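Everything on this sheet refers to the single structure shown next.
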Amino acid sequence: MPSTPLVELKNVSLAYGEGSERMVALGDATISIADGEFVAVVGPSGCGKSTLMKLVTGLLPPTSGEISVRGQRVTGPIKGVGMAFQNATLMPWRTTRDNIMLPLEVVQPHKGRLRANRAEYVARADALLASVGLGGFGDKYPWQLSGGMQQRSNVCRALIHEPQILMLDEPFGALDAFTREELWGIMQQLWLERRFTAVLVTHDLREAVYLADTVYVMSKRPGRIVKVRTVDLPRPRTLETTFTPAFVDIVHELRERIQLEHAE
Amino acid sequence: MTALQQRYLRFAMPWLALLVLLIMWQVACIAFDVPEIVAPRPTRVVEVIIQRWDLLLRFCMETLWTTLIGFFLAIGFGLLLGLAIGASPFVYSGLYPLLIAFNAIPKVAIVPILMIWVGIGALPAIITAFVISFFPIVVNVATGLATIEPEMRDLMRSLGASNREILMKVGIPRAMPYLFASLKVAATLAFVGSVLSETVGGNRGIGFLMLSASARNDSATTFAGLFAIAIMGIGVYAACALIEKRMTRWAFRGELVR
Amino acid sequence: DTPVKFTLDWVFQGPTSPFLVALEKGYYKDEGLDVSMDPGQGSAGAVQRVASGAYDIGFADVNALIEYNAKNPGKEILCVFMAYDYPPFGVYALKKSGIAKPTDLVGKKLGAPVFDASFRLFPAYAKKVGIDPASVEHVNLSPQLREQSLVQGTVDFISGHYFSSILDLKARGVKEEDIVAFTYSDAGMDVYGNGIIVSPEMAEKPEVVKGFLRATAKAWKEVAADPSIGVAAAKARDPLIDDALETERLNMSLKMNVLTPYVKEHGMGDVDPERFARSVKDVADAFGLPNAPEPEKVFTNYYLPPKEDRMVAP
Amino acid sequence: MTALQQRYLRFAMPWLALLVLLIMWQVACIAFDVPEIVAPRPTRVVEVIIQRWDLLLRFCMETLWTTLIGFFLAIGFGLLLGLAIGASPFVYSGLYPLLIAFNAIPKVAIVPILMIWVGIGALPAIITAFVISFFPIVVNVATGLATIEPEMRDLMRSLGASNREILMKVGIPRAMPYLFASLKVAATLAFVGSVLSETVGGNRGIGFLMLSASARNDSATTFAGLFAIAIMGIGVYAACALIEKRMTRWAFRGELVR
Amino acid sequence: MPSTPLVELKNVSLAYGEGSERMVALGDATISIADGEFVAVVGPSGCGKSTLMKLVTGLLPPTSGEISVRGQRVTGPIKGVGMAFQNATLMPWRTTRDNIMLPLEVVQPHKGRLRANRAEYVARADALLASVGLGGFGDKYPWQLSGGMQQRSNVCRALIHEPQILMLDEPFGALDAFTREELWGIMQQLWLERRFTAVLVTHDLREAVYLADTVYVMSKRPGRIVKVRTVDLPRPRTLETTFTPAFVDIVHELRERIQLEHAE
């Protein structure tokens, strides 16, 4: 399915700090993500997954190596990304709805159309909120939401402008299993419809296998890619799929590889 | 104490505090037999205020509108310059020291020069009010901007927002609590500025009233002028506080004691 | 009408009320002048305002003008009308301090604003009465502090305009008989006081200046005859004025500074050229100026109205 | 432009800006033939500074130490009062309006009264510097406290922390960026205050120097005094900025542009 | 094992906001926690779990009902609690070590002893950090840590003063499975040693069953207690325990009850 590489990382490494403070967070990662591919990244806590996300979107310049998106070398933040950061960073001065609509105020073509088509966009935001179970919470401020509700809003904000590249950093970590599985379904549905390119960081291997075409396993800090596993299960996957032996096998395979990291 | 009683007390507090102050002042005047020319008794000042009500009001209005114009100019330019300083390290390092230098200079020393340039009347008062009050706004807005959480900035940058957009969508709202803090200071300084200019030249406003009164040792009237400024200052502060409450509620959701 | 911007050296009070009388009664208008009038912050400021072109005409201490002209050769400002034939300068002490004659001032503490003309001319006065000016210690005090400091005993004596200091002291409850006042003119120091000064541009328009002086002299004559006209005019401009106080102030200045024997004889506005030349030298001396300006570059009677128009004494 | 070049430029910026300003001033003076008494040429002022170096230095030192004492008092009391106002709604509602009122009053009007009480000399200058500069500190510290995130407060309360402890452990650190913003304003105001007091009475400090120079129409010396104040202001600002950098790095980790 | 009730909630409900803004977050909860009991609370996102934690510790006053701790009615924050909030709320002006040592500066008897025994306490903090895999990160500032590392610091801060009551609000949500399971072991070990009373909010049912004596299941918002399940598996439990049928059964039982909530 994946064809032309959309995102390419060649021997990318990143070190935070300088001098004695210097710490290599990501070591020598080479990744190639095709257009329309759904990638999942798993690995131990603190191994550099969030760092990787920031590198891909150009928020951080790599210490060495090269990153290119759509064939172009990344030197600054790239366009057309929807990113759900690990911390929800909702703006406390905006209501949940206004927070979610923030990308529409910044990203073209929505930015130009927002003024005239406000009602339509508000409806879209409300529909999105309702789909993650936050119907009726649009007028609440972020601090009036529970942790899980904030996280869901965060995901909505990454989705609303229908980005071509979607970066999700542990988007469902604070949710109960059922809400989470519901959102897997919604996410897969969206992907099947729009075929955006997605990078998902998660600690839930079932989540990774359910959603991804390819799962990258990272080593302990400094994170290197230690395993790339293609998930060739047919789409759409359902909760039943997660109980099939093929699915369970992949999960186990990944699990064992990560355990190796941990045993070290 | 019930919550309602507490609320009443909070409303009453400023008046209580004022009353206590005035009574203490009155008692001190009587006890130490302070001559009126040094510090008149509050009762005397109030008497004068009641007597010369119309006159005071006229002078107050003159001062008030020049002050407000200067103050609004200060908000506008202060916000702009604060944004520029907060957003650009070059503007910061180039302009900040000059601003500091300019602000350390007592304005009394330059108002006469200003008057030579622009003449006498409302204009120098407006300019002085502006010049004296815009610095705190600049400093606070710049600090508000500089303390933006990098997470917010990253979020905006990931959306491809320009620096201008980051400023508008994150910078300005984030700087609001700082801005309003500075407005309280700036409003009082604006009054100081316009009254100062009125004393240096012109025959308008509370500044002139006080100068003319003090030139004839009429200290009760001088103090009536001071009272008038104080009351106007509180008025402008109250307006700022009201707007602050409506605009930055999000920042104050965690007041230390509710 | 020709617009004319006029600045006083100080606030609107009795002694400066003739200008207001001329304004309110339309005497300037009659001369084809549209005069606007502002209070000032001292004579040095008034000279500056005129020198910089911010004002066309001003009312200022001629001694401040002498100093300015000495320091700005080639850009001299002219005094065209002498208002105070005798200066209002003096020093004042309280009787209880034991100061009874000028020589008692030796070694005493003088409180005065640094810009006060009486203070600046004190060295000349000291020489005149035969004391060493260096023997007196000076403390800078703002005008609001000056009289109060004397009353509190912070300083031993103060310098200032007669009609300010005496009245200020009285306002602080000092009885007139408890004040020891030495005016400079009493000691024979015959420097001049305030006059009308004009900017170089205005000096090029003799008809305007002449008209202004005619109107002013006319008003002064009326005020000299009936000071209440002056006080009323001042009150119209500054409604908070205390009639009795300003009447007293005006009377003092008329009696001491304006209606002098010379004025009674020769009319108001002109100077005695010999005396003026001497005063320019004395002032330059007292101010420590390296060279005194030519007297004719300080004062000219070229613009004065005819003598009969200037016979203000009632 | 490389990062190093950028850094050099940032260091050079204040001097460049100053130079540009002075050159513009000089050119304007020559072009419009501004009389020296209105505004002397910078070259003239520098000449005077060099000529009267020792005298200026002496007066500067007098002004500097009174200003600094006043400023430090303002920091101490401002912090205390800011904490009290930020922590207690009663103190807030009782004192804030009075403070505003007091600060709207031009200090020129009350310094003479102050001198009548405390005499003439360094003391009133210190008090004036203190009184004029402590208000911005109070306002900013109070705002810093009031905008504490409720999560932090909850954390402390869950540990059983007293209000005082919450203030010490969260309030003060949280208010630091606000405090330093206010110090920049307060430092300049402190200079204004002490110079103001020096002009009202006494024979000490730059204020007296400037007044006495202007009485002699020696505007070059007056401006030399202004320059001296400006330089001292920048010095104090630089000290504050340095301490700020070391103490509140955490708040500035996300400067809009690095 | 549980005997005298340490924490008691009687028909406690809580509503946020007033008037039209009013929203009931917690409805009529009755809970009784014995001294030394380990309680887990599970339930859908936004059902009021975090609210419940704040009520128990006295950070929020209940709208109705009564809360008592150690037989005393709760009217303000109670003493001797260690609380790990859902958001790590580490103080950005303190290093990780200083953040962790914060309770020692506030809570007696440590507060009085800290000055004199600083080195000892620092060693304790470092040991605690090392035990959660953050050895060597004491000098870093919180914003220099990854999301999972911040969460682990947060747990350390709740533990350092050896509180009698420990409240953990989704303490391991941002961690990978292995780190998480490691921390289960550490937590259980601590509990076995010190026998503090603990309330754990989690979305991971295996975590709940592994650690708790009693699991409370909450309904959707407004949260009510819909199931109380005693876990009588022997201690110490190990990862092997989690594969025993008894363990798996309890997990399934809980899972089904929650699913019911979700299906509604």
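Letters A, B, C, D and E mark the chains in the order given here, with residues in each chain numbered from 1 onward.
By our rule, a residue touches a chain if its C-beta (ideal position, glycine included) is under 8 Å from a C-beta of that chain, and two chains touch if they have at least 3 such contacts.
Chain by chain, the UniProt names read as follows: A, E = ABC transporter ATP-binding protein; B, D = ABC transporter permease.
Not measured: the values here are computed from a predicted model.
The chains in contact with chain B (ABC transporter permease) and with chain E alike are A, D.
If you take chain A and chain C together, the chains in touch with both are B. The chain with its C-alpha centre at the largest distance from the centre of chain E is C. When chain pairs are compared by contacting C-beta pairs, B-D ranks highest.
A separation of 85 Å divides the Cα centre of chain C from that of chain E. Chain centres here are Cα means. That of chain C falls 39 Å from that of chain D (ABC transporter permease). Look at where the CA atoms of chain A average out and do the same for chain D (ABC transporter permease): the two points lie 49 Å apart.
Residue positions of chain C touching 2 or more other chains: 48, 52, 144, 148.
Multi-chain contact residues, meaning those touching two or more other chains, occur in chain D (ABC transporter permease) at positions 38, 116, 149-152, 199, 251, 253. Counting partners per residue, chain E has 87, 143 as the residues that reach two or more other chains.
Under the touch rule stated earlier, the contacting chain pairs are A-B, A-E, B-C, B-D, C-D, D-E. By the touch criterion given at the top, residues 149, 151-152, 154-161, 165, 169-170, 173, 176, 248, 250-251, 253 of chain D (ABC transporter permease) touch chain E in their complex. Interface of chain E with chain A (complex): residues 16-17, 42-46, 48-50, 86-87, 133, 144-149, 152, 169-170, 173-180, 182, 203, 205, 255, 258-259, 261-262. Per the touch definition, chain B (ABC transporter permease) reaches chain D (ABC transporter permease) in the complex via residues 6, 9-11, 13-14, 16-18, 21, 38-39, 86-90, 93-98, 100-110, 113, 116, 135-136, 139-140, 142-143, 145-153, 163, 166-167, 171, 177-178, 180-182, 184-185, 187-189, 191-192, 195-196, 199, 207, 210, 214, 222, 226, 229-234, 236-238, 251-258.
Against chain C, in their complex, chain D (ABC transporter permease) makes its touches with residues 35-38, 111-112, 115-116, 119-120, 199-203, 208, 211-212, 214-217.
Of all residues in chain A, those touching chain B (ABC transporter permease) in their complex are 54, 57, 59, 77-81, 83, 85, 87, 89, 91-94, 102-103, 105-107, 141, 143, 161, 167.
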